[in-house]
Amino acid sequence: MDDYNLLTDGLNLMMLGMGFVFVFLTVLVLATSIMSWAITKYEKSVGKLPEEGIPAPTAVLAHSKLEKPARLTSDQPIIPILTAAIHKYRRNKKN
Amino acid sequence: MEKFLQLWENTGLYQIELGQAVMIAIGMLLLYLAIKKNFEPLLLVPIGFGAVLANIPAAGIAEPGGLLHMMYTIGIESGAFPLLIFMGVGAMTDFGPLLANPKTLFLGAAAQFGIFATLGGAILLSYLGIFDFSLGDAAAIGIIGSADGPTAIYVASKLAPELLGAIAVAAYAYMALVPLIQPPIMRALTTEAERKIRMHQQRHVSQREKILFPLLLLVLVAFLLPDAAPLLGMFCFGNLMKECAVVDRLSNTTQNSLINTVTIFLGLAVGSRLHAESFLNSTTLGILSLGIVAFAVGTAAGIIMAKILNKISKEPINPLIGSAGVSAVPMAARVSNKLGLEADKHNFLLMHAMGPNVAGVIGSAVAAGILINFVS
Amino acid sequence: MEKFLQLWENTGLYQIELGQAVMIAIGMLLLYLAIKKNFEPLLLVPIGFGAVLANIPAAGIAEPGGLLHMMYTIGIESGAFPLLIFMGVGAMTDFGPLLANPKTLFLGAAAQFGIFATLGGAILLSYLGIFDFSLGDAAAIGIIGSADGPTAIYVASKLAPELLGAIAVAAYAYMALVPLIQPPIMRALTTEAERKIRMHQQRHVSQREKILFPLLLLVLVAFLLPDAAPLLGMFCFGNLMKECAVVDRLSNTTQNSLINTVTIFLGLAVGSRLHAESFLNSTTLGILSLGIVAFAVGTAAGIIMAKILNKISKEPINPLIGSAGVSAVPMAARVSNKLGLEADKHNFLLMHAMGPNVAGVIGSAVAAGILINFVS
Amino acid sequence: MDDYNLLTDGLNLMMLGMGFVFVFLTVLVLATSIMSWAITKYEKSVGKLPEEGIPAPTAVLAHSKLEKPARLTSDQPIIPILTAAIHKYRRNKKN
Amino acid sequence: MEKFLQLWENTGLYQIELGQAVMIAIGMLLLYLAIKKNFEPLLLVPIGFGAVLANIPAAGIAEPGGLLHMMYTIGIESGAFPLLIFMGVGAMTDFGPLLANPKTLFLGAAAQFGIFATLGGAILLSYLGIFDFSLGDAAAIGIIGSADGPTAIYVASKLAPELLGAIAVAAYAYMALVPLIQPPIMRALTTEAERKIRMHQQRHVSQREKILFPLLLLVLVAFLLPDAAPLLGMFCFGNLMKECAVVDRLSNTTQNSLINTVTIFLGLAVGSRLHAESFLNSTTLGILSLGIVAFAVGTAAGIIMAKILNKISKEPINPLIGSAGVSAVPMAARVSNKLGLEADKHNFLLMHAMGPNVAGVIGSAVAAGILINFVS
Amino acid sequence: MDDYNLLTDGLNLMMLGMGFVFVFLTVLVLATSIMSWAITKYEKSVGKLPEEGIPAPTAVLAHSKLEKPARLTSDQPIIPILTAAIHKYRRNKKN
């Protein structure tokens, strides 16, 4: 590639690049605005998501919801918790 | 006796070359700046130490078989380390302020002008015969203006691996210098009245928006610019893990031990590229000079775009938040806040500047994708 | 202009094929199930996101040189990730309930019938010409019935790597569906009176027993089924680290940052195998149908074995704990507990169901060893 | 391998596999039961292991057992602890 | 039937050789020592378990393609694991006591005589035809006297990889036995009056000294002994991260999840080298005998040097702290303290013994550098 | 290499090695002593470093020093902190 080509390529890349960044972020602004508008509308009728995440499937485990055990599965090691629960249970029993 | 001679000939004192001594001194200077001056210490401590280790004569720590060379090959050449860092940064990023005011994405777009102007400058210097940069070199130098370490390292490792050391050092050093570089430009381009503009309170952003945004961004990237997909994909993945709230234990590890471990290895590996041969030449001077131009132009472009938006938009926009579009998260946003407080001590801009600040990260990654697509 | 055309031709929109678009939608569906429906989110969030990334046209993230391909080669092809996960699971497992009542190991054995029945079914479908499964394919499909993610991934990566994506997705999806799949079968196979059976209080298990059990298991595996030794060996190692109490800092790291990091990488790597070519065909439908059969048969076999044991044994055994033998730790044990409480609100079966639950993990690993031994 | 062989192999694997799983777990039940019986008997005369692990070798360090410093070695970084101890010691001395 | 025979012929029982059975028993013995006798459990639990896994007949866990072989190749052969452990140890080390009393560095130097005396002994035994050690073997055996696990593993992996298993086991076993090995020697070489010597209160060491010391040490190593630069470089890097206080999050990860993860992998990989062929021979007996000689000679040399220093120096030096020069951090320092308290129950030597203790680590790494330089 | 050479090499390595260890550590003692002496002297006139590390560059951010926000950058993830700050700010505002 000779020097002149380098200059053209550089100029091309500058314009194309800056242009594409603007195109992309403009599309993103539009898409984001539409998404926010749609979600806001949707949430007015349906309600918001809980900020601490969705609890585990409730089909069967439904009425234990009050004790919130399902929530634990998703982000904590469950077995140690169960283990601890067993230990606690035994200890209480002993007393 | 012969063996004693061998020991002496194996010492560093016998073998050291001037270049290595200078590079060790430069490594020590980076450590000094990191520790004493608090210049981005999380990166510059490992980079500086890596530079010292790499230049110990006869030890070969940065040569094939050595630990730092292994880190470089496994983590940088493959692109894995910058991508994992991006995942961690994603898991630490809150898109709330951006979603509350999506127009600030334009500020993040404008500030990328620093990248492309610098690229043009490098090409011009090359055309004038002052330097000898290829198109890839020029693109990699321009990316310093992304004000984003992992993006700069990712692009440089693909387009100009031999300049990687200097580019990474320039990027982190100037990011640390943001509180010195930006204010004069910000003061010059804004009036006292503009700096006093108070912005409206941000609306509340719902969890559902925060969960869907990284997926939306991912889909747009997938369809419009696949070359930016690795960077923005990992960024969105980290952010989704954080926001979805059902994989908190993964998100916590990503934000802590995983990103810390990768940061140590990345820093050492980048430091190992600070060789005398590739660093001690006029090219590095060129990179350092062009790099600061990139920061300055990006800052100015962001502010000017903010002034334009302020004219167009119904809601008032303080031009000071434009400079935060260069990224340099969160330093640039804090500088915006600082100058806002200087003009009016009840004018808190921090939350408003976080929008362009993370928009700058997205804009830089998009710019990186274009450079990689175009050059390679 | 030519360059502009090149940019357009490089976009995903220009290059996307229908298959990729469908796979991206499937990845999004997995994310929806994981985040909104809480289907095993720790695995399905990374798997779903990996599937999206892998199908971005022209980005090549799952092709040689890409990050996800690297993760797959390093971690799955080599078997390292499932084994490390097994080490972590071992460090989180309490064998106490199993040691208090070793008979429950028979429940863990019986529930593996799901694996072998499904294998037979797959072979039969192949013999009838409906599908074209090799013996290795059939074995890998059967292992979905192990209801154990790392075991399924380990076996599939060895016996049928091209089916890995579908098998892993089926395994995790059905594990998440355990609260829907198991109860009807459990109710159909037990009488109200059986569900009300109260079990005796478990005896206290001493620390010495807990320390020696993983070593005993290891020795038996070493002598009887070396092919299961990698899986059960790492499992026993993790458990020994936990129980011996003198290496708590290693055990803690294993249970936290190590297993979390590996889970992220494993999930992304598995997701990267969800290609259009290998996923969008009738084979996947076959895998999904056979997989649910495996779960159902395993559940039924566990319950029937529990009824038999209840007849033979002096101590009463509630047949509801039989279904926990499929593993799916701890979901299956909680389902047993739930149905026990439904029948008698003071009948707590959780501790009793943990025995067959961890027995199922051992049983599955043994079955995996046999499959690998026989097929390869 | 023709289809008939596949069928035979499949049947073989089913029976062999299920059989082996039962054999293995039966052996494990026996071995576990024997182990538990032996340990219970042994512990009646010898006493149980402490659940928090065994302290470090005591041959020499015996009488410092009361302060339990040895326990620390096994699962905590000792040097920071010592460092902290030194700092604490100095600080106390200054006051 | 044929397949049933195949299954039986694939069992460990059919295939096991006597050597493997013995090695499994040795692995179990190491686990017993680690768990029941608390012999360096952080290393000997993984090493012992690794030895058991490696000797399971027909499983091939330590052969090419197996997990432990992978760990060995990636982490030990390359030198990466010992270096990363050294970084972690550096981040846990406090050079304060050493800086308060730099003379104690001479104790750390003297105690290395154990290494070189043992090397000479191994050469002599070879010359006499009792063993057949090469110079590299002798050097690797001598390094057991460093009383420092990662140093021993690093040197052995470079100079005598086939002896690595036995050398690592000897090093960790004798480190655990320090409270039994050292006291008789210490009592024999000191008088009651000497053991009662009280040392002056240590001066306060400023943060600036602690930050500059690792850099000073690094520069000296770079100039005088590049072969020790990888080991001491990573050690100094860890220490600098800790002391500089601006990268605490990196330092915390280094001291916790990073060093724990590497310790698990290193231990398993070292254990995988405990093969019957390379372990069950007279060489191992030679290594074990020479290893204990190394510890004893090092201890004696440290004490004698301390007695000499006590004569020369104005400030009193209790000879009991000399034995801490062998390293074995922090066990050896605690033994010094213990014997001091025995002689005078108000004579606290712990802080004073930490100086020679960390000096021993530096001394050993220097010795390691010389051995590597001379032999390879 | 014949046996005699091995013996010579061994002896050489012993003497050279032990000698070098002493030379190196002697140099280190000297260098350390000089360093400590120089630092002590320097700190008498200049003051000591804070043990908790140096705060971030203060050129511009000077007067916010009192609130110590800069310190946070160096060893804590700043964005979550900012996020938390934003949340707190909003919550306070709501009340």
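So that you can tell them apart, the chains are marked A, B, C, D, E and F in the order they are listed, and the count of residues begins at 1 in each.
By definition in this document, a contact is a pair of C-beta atoms (placed from the backbone, for glycine too) under 8 Å apart; a residue touches a chain by one contact, two chains touch by 3 or more.
Note that this is a predicted model, so its numbers are computed, not measured.
S.K.: If you check the contacts of chain D and chain E, which chains show up for both?
M.R.: C
S.K.: How many hops, at fewest, get you from chain E to chain F via touching chains?
M.R.: So the least number of steps between the two chains is 1.
S.K.: Looking at CA centres, what chain is most distant from chain E?
M.R.: If we average the C-alpha coordinates per chain, A ends up farthest from chain E.
S.K.: More than half overlap in residue numbers between the two sides of the chain C-chain E interface, or less? Answer same or different.
M.R.: Different residues, largely: of all residue numbers at this interface, under half are found in both copies.
S.K.: Of the other chains, whose C-alpha centre is the longest way from the centre of chain D?
M.R.: Relative to chain D, the chain whose C-alpha centre sits farthest away is B.
S.K.: Find the geometric centre of each of chain D and chain F from their Cα atoms only, then give the gap between the two centres in Å, rounded to an integer.
M.R.: Those two chain centres are 38 Å apart.
S.K.: Just give me the whole-number Å value for how far the CA centre of chain B lies from that of chain D.
M.R.: Chain centres of chain B and chain D, defined by C-alpha means, are spaced 46 Å apart.
S.K.: Quick one: which residues in chain B touch 2 or more of the other chains?
M.R.: If we look for residues of chain B contacting two or more partner chains, we find 3, 7, 35, 38, 41-42, 211, 224-225, 244, 246-247, 249, 256-257, 370, 374.
S.K.: Quick check on chain F: which residues sit in contact with 2+ other chains?
M.R.: Within chain F, the residues that touch at least two other chains are 9, 12-13, 16, 20, 53-54, 74-75, 77.
S.K.: So in the complex, which bits of chain C are touching chain E?
M.R.: 78-80, 83, 211, 215, 218-219, 221-227, 229-230, 233-234, 237, 240-241, 244, 246-247, 249-250, 252-254, 256-258, 370, 373-374
S.K.: Tell me, which parts of chain C touch chain D in their complex?
M.R.: Listed in rising order, the residues are 99, 102-103, 105-106, 108-109, 112-113, 115-117, 119-120, 122-124, 126-127, 134-135, 138-139, 205-209, 211-213, 216-217, 220, 224-225, 244-249, 359, 362-363, 366-367, 370-371, 374-375.
S.K.: In the complex of these two chains, what residues of chain E are touching chain C?
M.R.: 3, 6-7, 10-13, 15-16, 24, 28, 31, 34-35, 38, 41-42, 45-46, 49, 52-53, 56-59, 61, 65-67, 70, 256-257, 260-261, 263-264, 268
S.K.: Would you pull the chain D residues touching chain C in the complex into a rising list?
M.R.: 1, 3, 6-7, 9-14, 16-18, 20-22, 24-29, 31-33, 35-36, 39-40, 42-43, 48-54, 74-77
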